[in-house]
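These are the structures in question, set out in turn.
Below are two complexes that have chain A in common, paired first with chain B and then with chain C.
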Partner chain A sequence: MLIKIISSVLIIICCSLLGIHMSYRYTQRINNIRELRNVLSHLETEIVNYSTLLVHAIRNSSKYVKGDWKPFFDNIVEALENRMEYSLAEVWQESLRALEHNPNVDKAEYEIMQRFGLQLGSSDKVSQEKYFQLIQEQLKVEENSAREARLKYSRMYYNLGILLGLGIAIILF
Partner chain B sequence: MNIDIIFKIAAVGILIAVLNQVLLRAGREEMAMLTTLAGVVVVLLMVVNLINNLFNSIKSIFRLY
Partner chain C sequence: MIQKMDCMEYNFQPVLDALPDNLRKIIMSVSKGILRELEEIRVRQGRPLMVYSRGRDYFLCPDGNVSRHPQNSYIVTGEDTRRILELISHYSIYAFEEELCSGYITLQGGYRVGLSGKMTSGKDGITKFQHITSFNFRIAREIRNAANKIIPYVIKGSRIYHTLILSPPQMGKTTLIRDLARQLSNGFPGFSGVKVGIVDERSEIAGCYQGIPQNDVGVRTDILDGCPKATGIIMLIRSMSPNVIITDEIGKPKDVMAIEDALNAGITIITTAHSHGLEDARRRPILKSLLENNVFQRIMVLGNSLGTGTLEKVYDLIEGKELLDRPIR
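Then we have the complex of A and B:
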């Protein structure tokens, strides 16, 4: 009897943790988008106002980035600084590929960044500024939709995890 | 006759009801429908032996061989 109770409690705890993990994804996605917007606005300042070299600009702006986008920027800076015979667009696409199946990065941000990578550093200051404004606008829309999704689904996955654990425990009891 | 199975079925029923509400609130009607169906199937699996017993009893009582 005691073993049954202990194993039921274990099943419930594990399923609840699974639910919490699933619902945490939505919070993490919002944080990621916010970090990304910070980095990009910093990058915009570096490029438009200070005319820094692109590698240095990316390195400076991604110094304090947290979350899932950090390896992406680190990878770009490393590849560009070691002069591995890449253009920025190629490095950008290749680094981005590592984030394709990341659960905390949605397809929408992925595609926005993919398109942005082709335009970064390929025109004069005025159009660069316009591209930055465009991407900020797009990311803002994504952030809002991520917030809505969190309101809707975060609580659901949390409850679903606990109820699933209870269900399995009751059926096996 | 084991009385525990009645409590078990009741627990599954309550659970499925709550699950249904959670999914409906999140706007996933088709998932809610699916969980209800899964609940019915699970309870049916639990009682299928008892129903078999019931039919056998009826058969033997009324001599329907």
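Then we have the complex of A and C:
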């Protein structure tokens, strides 16, 4: 009997944690988009106002970034500083690939950044400024949709986790 | 690493760094004799890769062999030119907007890359590159003591004469005034150095990279890099108190006015102009006024009767006589 109770409690706890984890993804995605917008805004200042060289600009802007995008920027800086035999677009896409299956980064942000990598650094300041405005707008749309998704699904996954645990526990009894 | 060691010998690593991997490998496979005297690497999209060395040009084959005919030569691709642009701008075209508009970029080490391609003019009248498809990597070499032959005519005791160097293109006048700047600035036995100001409109004399001269132009030398000559001369007079101002290739009425200002401020001017000789210079309106007013005390003419950079003639305009019996090199 005691074993049954203990195992049921464990099952409920595990399923609840699973639910919390699933719902946390939605919060994490919003945080990631917010961090990304922040870095890009820094990067825009460095490029448009100070004409800082791209490697230094990325290094300066990504210093304070947190979350899943940090390794992406760090990889680019490392690759460009070592003067690898690849173009910026190649280095960008390669670093981006590590985030392709990350559950906290949606396909939408991934594709936005993929396109942005082809334009970064390759034109004059006026055009660069426009690209930055465009990506900020696109990311804002994604941030809003991520918020809506969190409202819709976050609580659902949370409750589902607990209910699933309770369900299994009842069946086992 | 081996590649790096090899090109250290020729001393143009920054140029190689600005080339994509495939082009760099071709250049590094070229025979040593040609590389040692390499003057230009010409990259033109859709056309053969070429180098200029030992007074003539060569087509390069993909294996680094040189040829006098374009058959079998390496044809430069659009990807090559795109990569070069990325490399010379450090992936940051926006940071080089002004340089691009002036048609060249200066690399570390003072090497200049000339650019050409399709241009567009904007509403504000500024012309911008739309596509850059041709690159000319110029491997300038500093020739120390190149100015030794003219020093006795420029300096007498502690006095420095206002000097104009007349020369056709490619006769080494920039090399000459660069070394002259170094010697005047550092001093030499019998002459203690003076403060020198260089207005380096096209970054050719000092070859500045981010404001720091990459060529040795002397310890007492200040450089206004990328600054128009007329403005630069006035700025130097006002702020840097030079004894001598050196500029390259005067040719606009504004330059003449600035030179006259410098003379009134008691500053010696040493400059150059494109011309084949004194008579030729007198036919050009801008130079004519300077020569008639006896602004310059010494006129030197460069030519190639004994090889590039021969000092053909030296005139003393004040006394109205020639100081050189025969050309020297």
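Just so it is clear, the second predicted complex is superposed on the first by the 173 of 173 C-alpha atoms of A that agree within 3 Å, B and C clash if a C-alpha of one lies under 4 Å from a C-alpha of the other, contacts with A are read in each partner's own complex, and residues count from 1 in each chain.
Note that contacts are C-beta pairs under 8 Å (C-beta built on N, C-alpha and C of every residue); 3 or more make two chains touch, one makes a residue touch a chain.
Quick caveat: nothing in here was measured; it's all calculated off a predicted structure.
After superposition onto chain A, the partners chain B and chain C occupy separate space and fit alongside each other. Once the two complexes are overlaid on the shared chain, A:L53 sits against chain C while remaining clear of chain B.
More residues of chain A lie in contact with C than with the other chain of the pair chain B and chain C.
After overlaying the two complexes on the shared chain, residue contacts for A:L166 are found with chain B alone; chain C is out of touch. When both complexes are overlaid on chain A, the residue A:I13 reaches neither chain B nor chain C. When the two structures are aligned on the shared chain, A:K152 is found in touch with chain B, with no touch to chain C.
Of the two partner chains placed by the overlay, only chain C lies in contact with A:L88; chain B stays clear of it. In the superposition on chain A, contact of A:A98 is made with neither chain B nor chain C.
Here the apex is the CA centre of chain A, and the angle it makes with the centres of chain B and chain C after alignment on chain A is 160°, in steps of 10. Closest C-alpha contact of chain B with chain C, superposed model: 47 Å.
The touching residues of chain A, counted against chain B in their complex, run 152-153, 155-156, 159-160, 163, 166-167, 170-171, 173. Against chain A, in their complex, chain B makes its touches with residues 8, 11-12, 15, 18-19, 22-23, 25-28, 42.
Residues 17, 20-21, 82-83, 86, 89-95, 97, 128 of chain C are the ones that touch chain A when the two sit in their complex. Chain contact summary for the complex, chain A toward chain C: residues 47-48, 51-55, 57, 80, 83, 85, 87-88, 121-125, 128.
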